[in-house]
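Presented sequentially are two complexes of chain A, the first with chain B as partner and the second with chain C.
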Partner chain A sequence: MLELAIGIILGGCALGAGCAMIAGIGPGIGEGNAVAAACEAIGRQPESRSAVTTTMLMGCAVAETTGLYALVIAILLIFVAPGRFVNILLESIG
Partner chain B sequence: MTVLLLILAILPIIAGIVIKVMFVPASNGIDITGAHIFFTIDLPFGGLPISESQINSWLVILSLFFFCLFLTYGLKTKDMSKRQIVAEWIVEKVEGLVRSNMGEFFMGFGPFICAILGLSACSSLLTLVGLFPPTSDINIVGGWAMMTFILITYYKFKAGPLIYLKSFGEPVPFLAPLNIISEVATPISMAFRHYGNVLSGSIISVLIAALLTTLSQLIFGKLPGFLGEFPFLRIGLPAILSVYFDLFSGGLQAFIFSMLTMLYVSGGFPEDEYFKRKRLKEAKKQNKQAIENTNGGI
Partner chain C sequence: MKTIDPTIKKETAFIAGMTLILSALMEAVFLIVGRWDLPVLFGNLLGSGVGILNFFLMGIGLQKALDKDEKGAKATVAFSHQLRFFLMALALVLAGVLDCFNLLSTVLALFFPTAGVYMRAFSVNKEAKEEAGE
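Let's turn to the complex of A and B:
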């Protein structure tokens, strides 16, 4: 019975981490759009290349933040949460 | 003297490797662990763990300190040495960056921005010598972000507390809760961005190394003895990833952290109100002095 409970905890944590990383779609699309616009801008005005590249990298890094929130939650779910939950379970059983 | 300073600049990194070899238990195979905790200082409000990331970040600070001394030792106005040219180039670049992003009023921020840039970049580059990078620990990066948050709030307060409170009620007063949330979210997002990028890089590197080990065991496992166990595929291939995750990503995150610090600090500063208030104060002072002068004259 205990094995089953721990198995459910581990499986739930892994599934949760996987679901959290769905958030990676958003930054991917956003950064793709940003880079596409930057490429167009450089194509139109090749002399503004360095300024456009710097701004694009800044924007990409800011757009990445939501993906990184998901990543942090996924890392917590994989490395921290199972131990916590198993401890809580064992304490409640006594 | 210069050689001595250069040696002193390299010594902390070697000390870090020695500390790692002596005190950190070797991991068996490939595993992902956080910073190793060396010892805990007991304080009235709980233990203060001294971990690998803290020690490494202090070593980086020491190393950068001696490196700066090395660059600026014996400055001259004529027949400049190469060290001095490098130092002047760094100062000019950082001052140009601060001037173009923050304006003339914030020129005093140059050393601070340069310190954050150098500390963050060198901390991320510690992975190249096999040490634990302090930037992949949220406590370190969170500390930097808190420092930035304090600076932002300080410069928002420059024009008086009333204008600071009024800035939450913009554009419409009932959006104040959202403004407070976004104010608190600034340091959190800055810390998470830097820490998440460095940590995800190291985790992906470890996963790729594990995959390559398994693959080379599958391919070369039939070879006799030592040859069968040696992970041939792990030679060279992870280095390509390291160029992106350690060199490019580490440098970019350092740049972005200092860039965002500059933008937030100068963006939150109410310039017009500050100068108006300053002028009013000076006018008041002069009035007072004029009245005192006339009184004294009588």
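Let's turn to the complex of A and C:
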């Protein structure tokens, strides 16, 4: 029974980590759209390339943060959470 | 080989400087709390190094994408993003698996470049306001 409970905890953590990684897709799409718009802007006003590049770089770095959050949550679910949850389970059993 | 855009060099230098300052602050906090040890330092070095490298690679990816058409730019950036995401995941897995890295300090250090970007946005806004005031 204990093995089953530990298995459920590990499976839940792995599933949670996988679900968290779905958030990693969004920043890629968002960055692609931002760069496509920047290409268009530079095509229209080539002299503004430097200013557009700076703004785009900052925007992309901020957009990427959500992906990083997801990655960190996934890593914590894989490396930290199972141990904690199993400890809680063992303590509750006594 | 194509030269790197001066804007990217400038921004990366700023982000590296901010990351260095924030890393020093974090080390000081760990020292004050009494939880400082070598894994904290190594984790900090790994996290901040990967964070700065990620920002620099993003700049290079964007520079390449700007020379392409809309569809090509989207594909280039998406590919670059996947590669950099993999790099960060690798760093975090290393920090989780190896005992010589502290996971908490690695995770925190990975967010320092983002904090630097927010600070940069403030300074850019200030410069714009000053220019508008002149």
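Brief remarks follow.
Operating definition for what follows: the second predicted complex is superposed on the first by the 94 of 94 C-alpha atoms of A that agree within 3 Å, B and C clash if a C-alpha of one lies under 4 Å from a C-alpha of the other, contacts with A are read in each partner's own complex, and residues count from 1 in each chain.
One rule holds in what follows: a contact is a pair of C-beta atoms (placed from the backbone, for glycine too) under 8 Å apart; a residue touches a chain by one contact, two chains touch by 3 or more.
The structure displayed is predicted, hence computed values, not measured ones.
In this superposed model built on chain A, chain B and chain C take up the same space, so to speak, and clash. Judged by the touch definition given at the top, the superposed model places A:G24 against chain C, while chain B stays out of reach. Shared-chain residue A:A38: touches chain C; no touch with chain B.
After overlaying the two complexes on the shared chain, residue contacts for A:L57 are found with chain B and with chain C alike.
Taking chain B and chain C in turn and counting the residues of chain A each one touches, the greater count comes from C. By the touch criterion stated above, A:V72 is placed in contact with chain B and with chain C alike.
One listed stretch of chain B collides with chain C once both complexes sit on chain A; from 75-83, 129-137 or 219-227, that stretch is 129-137. Chain A uses residues 57-58, 61-62, 64-65, 68, 71-72, 75, 79 to touch chain B in one structure and chain C in the other. On chain A, the positions that touch chain C within their shared complex are 24, 27-29, 31-33, 35-36, 38-40, 42, 49-50, 53-54, 56-58, 60-62, 64-65, 67-68, 71-72, 75-76, 78-80.
Taken together, the chain A residues at the contact with chain B in this complex read 57-58, 61-62, 64-65, 68-69, 71-72, 75, 79.
Chain C contributes residues 5, 7-8, 11, 55, 58-59, 62-63, 65-66, 68-71, 73-78, 81-82, 84-85, 88-89, 92-93, 96-97, 103, 107, 110-111, 113-114, 117-118, 120-121, 124 to its touches with chain A in the complex.
Across the complex, chain B meets chain A through its residues 32, 189, 192-193, 195-197, 199-200, 203, 252-253, 255-256, 259-260.
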